[in-house]
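Chains: A, B, C and D, in written order; residue numbering restarts at 1 for each.
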């Protein structure tokens, strides 16, 4: 990476799971990535606005509580509308309700416009290294 | 926002507020208190929480209760029946979905529709407000055991109106415990006031001789919460509830994993709350205890999850909790299938049965733990009362503002977030940072010593890395987050 | 049959006997002791049992070990690899099939053939004798952890020859523990003598500086065995083994389910055996301990089985057993799949990890349990020595004859079968009937009082019905077999 | 039942599991049935001989240790050869190796000539009531 990357981090919807969010923020900072943490209970609008304002390279969405499917629909469209349609979007957590086959869940979220999706139990390091790769490809 | 004080809501204020509350969603119209009283009076004792837990408590038995809730009534009933029969649950829950918890009844309505369309629950719980009194009663009538409302709702006034009129006999939550861990921008003064309403409503039932049980949510953020923090919150909510006329309380605590600390926590929770209640003139309030199996991150592997469930059950039984709230082998993955939920219950039942006649001795280490928890709670609550100019409600609000009360990892902006917990060398949860907690030197030194011991053993400094390691530890098969080799 | 005495077998007698033994099955020919010594000397320390358990014992860690064995070598290896990697086992077994245990090598050969034909194991273990030295070494070479031979063979001389030459570094069993629970018509004098051979063989390796670990089979019939019974047998076998030159012993005990009794049993097993060994001039023998998760009838339900497994793991960790032998969620049904076996291991690992830093306090109730176990063992062993005219081997044989030693539910005709165990009101296993055990009045009175307590609580007489109820209890989700209501 | 029924009870093969056998013996006696208990490690021959000698109405075979399939083959033929081909034969325990679908296991043993087979965890009372029924049909 040539310049410092910026990531907007938050937990979407009516979701209050705060622990993973705090750890992700810490891990990103440790990896010398600038973190704009909008915290829990963040709306789609808040994600997009924060990304616009800070010129973020990526948006990291967490959804733990099971309503991720309903909460995330249309997020990519909103980004397009806001003129940041190509922002990198990752999602992770317990994305759907119940224990479901991961490949199907991943599909669902990739189709929704996320660039990458992570199953429960993902360690931050894994996604950070993916991010660095993805951004390097884009020359960030 | 007017200041809250710990004082019984005047009847006319209460009735005025009710009118407003019931307008919150069309189903509010169906609430008719007089009719609800009659409904409760006619209910079978076996379906009522108070007699069932009172008897268990007297016999020294630990009852088991799952978490469970799905969007549609038919499915919800069949789920509860399954957990009762196949899972051998003693008590049942109705877990409310996250939209309802945020009073987003429109989203909940969508969720119900989508669930019908998709043929699977698109909500993470049962939207009781949208369903209304009649459907709630359908649940109660179908289930031959006490059913409790479990949620996480900062403003649960309408939910309480509907579910109590709907025949539920136990209601979880509180103005602090359902705010700080469950909300981001909600003022504790508001939630205390909203929960005074809920408690008053229950007091109102109580005045008709209808015993409703109230349970502050003990585990808070579920993640390395030191006992004195959750105890202080629980006792505060108990005092506020009692003031509104609540007579039956179950106080909760989330397992930390060190047996001595967990048993000490259960014993002190009972003793301290009774003492504070008595001092406030509520010696007639019954206190039972609730033990939550480990509430933090779980192992992905189901066999390991069973171990965590079992160890929680063991601590609950040895600590003589009145009931234990059960996790499932799917915990780390998502809302459990009914089978996984029943499995968690059966594991718990087996342990509780095997341990119920064993008990635990009052040892020196147990005494020390109890003494420390009591001192910490006393120091916190003394300051709360002081800063509240003698009023528990005012004190609670100001205490959070000042960081005198502080919950680790809580998402709320009204929480200081200055304290930091970490495990000591035996796995008990201590304070790595006490923030603004009003602890004396002895308490401070105790925690420092405990963490130094661990640091020395691990040959590293006491630091935030320990906290991170501890957050992951149980999920990764350990109790203490030792440095990886 | 000539009388056995506890005396080291003379070299020439031993060598003469070896010639006969090795003729027992064609694979015996391949045993070349000198070459075997070299093989062992070249082995990696990490694959040897003694260094691995010695280190664990020093660190106060509890290692985990499954049971596992199938008919065919390729499958056996892949099974052990799976249990190591997926199951996180620390130590591995090779469980021998029941035909081999009865020296029915022809039936075992059939079983191997049928297994190849049917494509599934038709034997309930690994027929090591039929496979021979080379294939045994194949197992050892494929597995990067210590592997022990576990069986139940009254006459294990050929099995020991082949598996030790095959590179195994630990051998379970003994002249009493692998006879009385595992045979019907075999004279203990014969099995003691056969096991003197096995121990002498290990002593022989030992003299070359090759440390082989020996483990008497602690749980016996696995069903409500009072600690003093299994301790007495274990200590006798330890004394006999030490006399033949064995230097590393792991003594076992099968969980009974009452935590205090189980911890007391583990602690006294260590202390008593060391004392008896030292008094017999074997102070240099190392003793470690083995805890077996509940060895009696298991619950059919897997979730409940996980609970039993977990509670056994907890007792093992709190009692600081050097290793714990792990059950599986399939226990009540049949030999577990590899997945079920790994699941039992993972549950155990999680508990052992979560508890290893907790420890247990030396309380009054624990002291009393320890005192009673010690008294009982001392009274039994004093009589054994007396009746043996000062010789432990002779004493053991005569003691079983006279009922001075007696194992509950053992199938052997050489066992008196006069004693009867039952649980007391806290679930500890007591004597309902002490048969001819040489107990003093105090011990007798202790057990009577304990059972009276239960009888009073249950409002029924002390009787055989209690024993039956207790046998079923854990399988039915309880610890104590209370009368059904 | 008009006369006292007699049951030969034993554990077949190299099987030493003795606990269930002792409980079965007790339960049969409690039910006023005469028990001829040949105990553990009983061979086919011992079962047949005991049944012949005592004129038993039924043979109850236990197999716990997993070799039941191999150990029981031919038992019915031996009974036929001995002239007691119609003796009632029950089997119970952990009949095969591993956890297998019960209906298949049951089939296997019924085909081998057993009149009834019982899965792990069967309570004695259940089989005793079946026995009383079966024998009543035969007029015992």
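Keep this in mind: a residue touches a chain if its C-beta (ideal position, glycine included) is under 8 Å from a C-beta of that chain, and two chains touch if they have at least 3 such contacts.
A quick note: this is a predicted structure, and the numbers were derived from the prediction, not measured.
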Starting at chain B, fewest touch steps before arriving at chain D | 2
List the centre-to-centre spacing of chain A and chain C in whole Å, with centres computed as mean CA coordinates.
-> 54
Where chain B and chain C are represented by their mean Cα positions, the distance between them in whole Å | 45
How many Å are there between the centre of chain A and the centre of chain B, using C-alpha atoms for each centre?
-> 30
Pairs of chains found to touch, sorted by chain label | A-B, B-C, C-D
Touching chain B in the complex, chain C uses residues 257-260, 299, 301-304, 306-311, 313-314, 342-351, 353-355, 357-359, 361, 363-365, 425-427, 474, 477-480
Over in the complex, which chain A residues touch chain B? Could you list them?
-> 13-16, 18-19, 22-23, 26, 39-41, 65-67, 69-70, 94, 96-100, 120-121
In their shared complex, chain D is touched by residues of chain C numbered 98-99, 101-102, 104, 107, 110-111, 114, 120-124, 152, 181-185, 221, 223, 296-297, 300, 330, 332-337, 340, 409-411, 464, 468, 471, 475
